[in-house]
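Here the structure comes first, spelled out in structure tokens, and everything after it is commentary.
Each chain carries a letter (A, B, C, D, E and F) given by its place in the written order, and its residues are counted from 1.
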Amino acid sequence: MNELIWILISAMVVNNFTLALFLGLCPFLGVSGRVATALRMGAANIFVMVITSLAAWFLNSYVLADAPYLRIISFIVVIASLVQIVEMAIKKLSPALFRELGIFLPLITTNCAILGLAIFQTNRGYGLAEGLFFAVGAGLGVTLALVLMASIRERIELSDVPALARNMGLVLILAGTLSLAFTGFAGLFSS
Amino acid sequence: MQPLLILSSAAILGGVGLTFGVLIAAANRKLRVWEDPRIDAVNDMLPGANCGACGFAGCRAFAEATITGQVAPAVCTVMGPDERQDVAAFLGVDAGQANKRVARLLCAGGSDVAVQKATYRGLASCAAAVAVSGGGKGCAWGCVGLADCAVVCDFDAITMNEHDLPVVDPEKCTACNDCVEACPLGLFTLMPMDQHLLVQCRNLLHGEDATDVCAVACNACGRCVQDAAPGLIEMRTNLAVIDYSKIELENAAAIARCPTGAITWLDGMQFAEEPAAPAGSEAR
Amino acid sequence: MSTVDRATAAARLRGIPGPGAGRGASERTPDWGRVALQLTASPHIKAPDSTERIMWTVVASLLPVVLAAGWYFGVSAWLVIGTATVGAVGTERLLSGGAAVRDGSAAITGILLGLTLPAGMPLWMALLGGVFGIAFGKLLFGGLGQNVFNPALVGRAFLQAAFPVAITTWPAPRQGFLAQVGDTFALPLMSPAVDVTTTATPLAEMKFEGTTTALNDLVLGSTAGSLGETAGILILLGGAYLALRNYLDWRIPVGILGTVALLSAALNLVDPAFPDPLFMIFSGGLLLGAVYMATDMVTSPVTRAGAWIFAAGIGFLVVLIRVWGGLPEGVMYAILLMNAMVPFIDRATQPRVFGTVRGREGA
Amino acid sequence: MRATTPTEDLLRGIWRENPVLIQLLGLCPALAVTNTVANGIAMGLATTFVLMGSSLLVSLLSDYIPKEVRISAYILIIATFVTLVDLILAAVVPDIHKALGAFIALIVVNCMILGRQEAFASRRPVGRALLDAAGTSAGFMIALLLMSGFRELLGNGSLLGVDVMGPGFEPWIIMILPAGGFFMLGFILLALAWWQGRAQPPVKPRRWPNGVTTTTHANAAPRERDKVVA
Amino acid sequence: MSTQPVPGNGPGVAEVQSWRLVTTLAVAGMLAGLLIVLVFQWAHPRILDHQERAVTAAVDVVLSAPERTERYFVVDGQLRAEAPEGSDTLRLERVFLGFDASDAPIGYAVRGGEAGFQDIITVLFGYHPARDEVLGMLVLDNKETPGLGDKIVKDTAFVAAFQGVRAPIQGVKARAGSGAETEVDMITGATISSRAVIDIINHRIEALGPILKRHLETRVAGSGAST
Amino acid sequence: MFKPPSLVQLPGVRGMAARPGFRHGVHPPDAKELSRARTIRRMPFPAEVVLPLRQHTGKPARPLVKPGDRVERGDKIAAADGFVSVPIHASAAGVVKSIGWWPHADGTMAEAIRIQVARFSAQLPRPRMVPHWEGLTPAQVVAAVQEAGVVGLGGAAFPAHVKLQPPPDCPIEFLLVNGAECEPYLTSDHRVMVEYAERVWFGVRIMMHALGVPRCVVGVEKNKPDAIEALRAAAPTGLDVRVEALTVKYPQGAEKMLIHAVTGREVPSGKLPMHVGTVVQNVGSIAAIAEVFETGMPLVERIVSVTGPAIKDPQNLIVPVGTKLRDVLDYCGGLTEDVAEIVFGGPMMGIAQPDLDAPLIKGTSGVVALTKAQARPRTVHPCIQCARCLDACPVFLNPSKLGRLAQAGRYEEMAKHHLADCMLCGSCSYVCPSSIPLSQMFALAKAAERRRKEQAA
């Protein structure tokens, strides 16, 4: 259990996907304008990551055991198709939920964090439970980064930001500072 | 070469493709939702100013309305004629016509000719100044010159001149109504470009009470009422009021005897640096 | 076009000797020429405290700490602090003009940055830290009051990540006032030569050797460490003065120190190998951070509940990083991390409005 | 869609719609593997190969791919090329393959590539699609070179492994850390904004209804009408 | 936005036939699989070759270029030349025993990995069980901070210090050591990473030392017998 | 201690015992010593009085006279226009000069009746019927109060008779008399309580009769011990009345704060005092009502503190309604050289006057002249999040956030942050070290929101 918790915490803060591993940056910059949106994006991310982790585990265990070179392509095709189906299902079954979460799903599919999750999980040889904790931790980490960034950006929106920082320049500097702050977690529980 | 390996690889990926092909096809049958793709297409063609001049809540709403045929593309005054034509061509409808209107100021009392009673200090906004005891301008109806209108104008049509009066560039003005709403004193009005006569004053004082606070105020002397076509101008609560339903009767004689210049003949820009000689001014 | 030339009209208005005099039929007797009245919105009176006054008072309250730094580490301490301040104030001056410098906040940033650096830091690095902190920690956000992260700590975090060796080279204290305690004058962009007497800080000794330092030494400041962190008593005095004048929110230092004390006491009870609360409080930059840096009002929550949460968060993170993290000291990271949380905390702790019930809109 | 000339198709991606610097796509590799120029170049080349290859195929096949499985099919195509690059790099230049790590695989999900397929290749003839892919790749490469050049220079004092800053140089380690990646891209974007803003006259402050200027009590001074109270 | 359920009342949107979806994906998948596997056929031997060479090169470094090496699997506290039937050879721990030109054993190359500052550090080191001496150290894999933690690879003095140091190794602050032969100077600013390397070696030796010692004895005895 | 059962039991109020204060608020120097000890004097009639038709909250009155008409003091010259409106009476005998635009006490131009005061004719009111209150039904009292043109003299000039007729679904438990006078400088209520304590109690009696309530509390800040003493000494026996000494804090006199201080109840957001079972009336208004039933005189004069460091001779004056600022200043020895700003009302909420021709009207409780040193322009800094405004705001808003939103023009979002509950007391602006004109921005935002709502409607 300790091990699982460590996997979760490590994926969440120490090796935060967004701030330490550089995964999923495009949506991180794109969808971090509002806290409400960021929360939903985060939730959608956790959801897709869990699906991904399950799919990757299944593929690794049952389909790709002898053909590791087909991993990348199988992972991504499976994830993309699954997400597309889930998206359609949500759109049909619960338009309200679709409005809340669904519109982010396609954004997430083509997002490094998802495939990165599958690849890291495979490289580290995680089993089902480890994979799930890893996915949840990574998802929470992405959500944390998104929400922090979004609440900061909401505040900045009310500031006199100089003209040249109005494009994403300031947001990247912010991300850099956040990333710096997160280095404080480096080495956590490793000694 | 290991034929088995090759075959199994092809089979694995083929199988994955097949499985998800089936799943997606099934989902597609059961779960699809449709929306009109033309909305996005038209929306992309619109200027995206979301200014509301068209009377709809933003460009996308306008796009929907054009598709359903509720409005003609020309109702969007921000689009240039070419773009208008593009939208019309895309939808196979007529672009429609829109009469060019511009914002006109109902005050000429710049800091050179109008008196200031007290010095306002505070937020640099007309609305704020007016809320603080009227902003200290001698004329309670006149422009306080802190540029709320210039700031709202999304099209940079308004600049403040050296006497702190807003000057509208008719070229840039799209008649979006923003300045009309922004001015706390209600000093802007949208007027077709082909109407020329305007009383640029709203001061309700009479005679010298009026000209004491502003040298270009309408002091209700009544000369323009007499000189204009009968019924075109009327004196109401100490202010000359033009009946724009009869505007086709206008001619420049109405302004000839105005002692303060409150009534004016507009051609192009209001408060132009060099007043253009109006048609009929020789008649003076 | 109009019949009346504006210039003539204006002349007519001005031609009257003294506004209001001799204006024929006008019944009013305006004395606009007699009294120059001013119009402002209410309230028409104002409490005497101003942003400038607050900031310069903080600067003044830091001076004893700066002096003490000189006493402990010699003249190079002042050089480092001075250079960091020049970097911060100079950048502010250059990019936002003299008026912005007058409010004193850039001076605080510079001094506090200087106080968090080791005495032997090459001056060019201190300068760079000040420049970076102000430019990218403050001005880019729009200047005073708009920044999200504590600019001094942004500068320090930058230096820590850029020059990790130089910033963890701790000269021993009391080597003599004029002693060369580091390669202070290393050429810009060049590495410092490293032949100086260094000692481990109490926290590094704790983390890497498992030894604690005597409380006496900690309180008196006769240990290695950054310039401002060894003068604990002076920091507390300055903080108390500022708190009395309501220039800083007492909840924040109290909350941070309280959380650290509580957590470390609990750990220490469970296993005495964990450091005791007094060691935790008096070692490292905790006092300077809790009293002067976490309390930067710009980067801390505005609500009272928020202040407690913020403080507890910093305390928790400090203990977490110091005890289980890879780094010996975590105050800077703890504050920066909680700075990042501030907008969220503020959102979540809006005060209950008079006549409403919390959690429900309206009444 | 507006008609474009071939030159436009080629040049667009290089600067005006630079995927990284303007559109902020494909950021993960642009930040993750640009701590040295060599890595940057390798990533740029690998991406170029994938982008060109998949644009070619997508443009050829787009008519045969039903809309519903469009994304899956494109991803399949892209992933095939990525797997090929992965294998080839591992076989030919194992060191670089190791340095780029998972980010080779992650080219699949590089938003920029899928974006180009969706927005361009699927709607255009092969030639144009290739031009566009070449332009976009070049733009990506430029961004990677910029990033990695500055990062390696400051962070290691070298360029392409060759020491250029002299022996005494103190490297700015932050530049090769993740934070440095963010900062460097931030600096570049700020510099670009400054450059673009420099050319235009300063925009007038637009603070209403987006804002009321508050720097006033004193600010009212220039508007003071002394003439009326004199 | 007008969203309305189909079937098919949107202008210009024809019903797609499901079999086309299915075949498109299946055929595309198959083709992709074929293409990949062909390239894989070409690349795979080369990749294995690289890996093999990398291992040999690493063993070469830590055992100072042995003439030849023998590979053993660690199974149940024993070294075995052959992996037991059905076990996953990739998952088993392997050690290499190097021999010099005179066919005398130089020592074992042992792998170990533990958490460093950022992530797991993997180290290969040479070890002579009889003399309790570390023969050399090479960091195979690390994600330590570039420019800081990665000095455990780049700092030649640090790497060299492992040649001939007695186990268990003691890490000491730079220039603070007493000169004892068990001491290695840690890297200033990368104490954690340096300590991790030392710990890995110590822990592996602790775990495998007796096994190796026994094996070396039997091996030397055995070879002696065979010679 | 008197504790009315809470009608609206709000969680968070902790079934709070009455305590003589409220949370938050500010402590500006009260500066009342300038005029505190000056007994009330009657000012001579000016040459002309100007009576704007709009002197109260609600619809302006309709003029009943025309230029040239002769009027006696106390004659009705404009009639109430609807229920929330009151008539206006001539405050001096004379001739109606004109009805037209004239500067108004709120700084704008407004329609006003100007009366040329007849210097030599009788200025005593005509003998008139004094209604005998005990015989009147509450409705008749209300009619009499409206007919006398009485409005709240505490500042908002809300017609007094409206408050005397609470709707039946709001049972009133007690009358709350507002003698807090928390604004700095002002001393008119103070002097009324000291000098006219009897009259205040008489007014209370009438109000209690009209409202049919058994209890009354008078809230007075502790910095007026002589007023508390005078009221207590004159308190009628046989009535359940009480004088409560309150902490000295601004805005203690705001009705929500006053109610909270006296009862521990919070007036729910968007609701009125009557929803928590009380009616709040200023002591001056009470005295004015008493006068109606003592002498039959309608509201034609009021007590004004003319004070401030820029007034040469600060006074508490009885001033005919409609007297021009210029005349009042002249009577008080004029202005000092360093005058910068003249304010109607107190310095915290009052309205700066651009024009010395503006008349003092029914709601003008004071004239305060401030010096250049006090009104000097200050540099506005950005908000430094010091949280002082949060600690000052008596209704627990977040002015810092509201200010940022206002600056960005995000008025709709401000509404979500309870802009509507802001009473523009100015405490936040007063304490803000960055000198941000917070309450001015809020006033602006409120106006914009109101306009937006109107447009939407």
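Some points to look at:
Just so it is clear, a contact is a pair of C-beta atoms (placed from the backbone, for glycine too) under 8 Å apart; a residue touches a chain by one contact, two chains touch by 3 or more.
The model shown is predicted, which means the values in this text are computed figures rather than measured ones.
The chains in contact with chain A and with chain B alike are C, D, E, F.
Interface comparison, B-C versus D-E: the higher count of C-beta contacts falls to B-C.
Put simply, the C-alpha centre of chain A and that of chain D have 20 angstrom between them. Between the Cα centres of chain B and chain D there is a gap of 39 Å. With each centre defined as the average position of its C-alpha atoms, the distance from chain E to chain F rounds to 85 Å. Centre-to-centre, using mean CA coordinates, chain D is 64 Å away from chain F.
In chain D, the positions touching at least two other chains are 68-69, 72, 76, 79-80, 83, 87, 173-174, 177, 179-180, 183, 186, 190, 207-209, 212, 214, 216-217, 219-220, 228-229. Among the residues of chain A, those touching two or more other chains are numbered 67, 69-70, 73, 77, 81, 84, 159-160, 165, 169-170, 173, 177, 180, 183, 186-187, 190-191. Residue positions of chain F with contacts to 2 or more other chains are 107, 351-355, 377-379, 382, 407-408, 435, 437, 440-441, 443-444.
Partner chain B is touched in their complex by these residues of chain A: 63-64, 66-67, 70, 73-74, 77-78, 81-82, 84-85, 88-89, 91-92. Contact residues on chain E toward chain C in their complex (touch as defined above): 117, 145, 148, 173, 188-189, 191-192, 195.
Those residues of chain C that touch chain B in the shared complex are 1-7, 9-10, 12-13, 19-20, 23-28, 30, 32, 36-41. Across the complex, chain C is touched by residues 8, 10-12, 26, 28, 107, 184, 256, 260, 266-271, 326, 335, 339-343, 347-357, 368, 370, 374-375, 378-379, 381-388, 390, 394-398, 400-401, 417-418, 421, 424, 426-427, 429-431, 433-435, 437, 439-440, 443 of chain F.
Chain contact summary for the complex, chain D toward chain E: residues 35, 64-69, 72-73, 76-77, 79-80, 83-84, 87-88, 90-92, 94, 155-156, 171, 173, 176-177.
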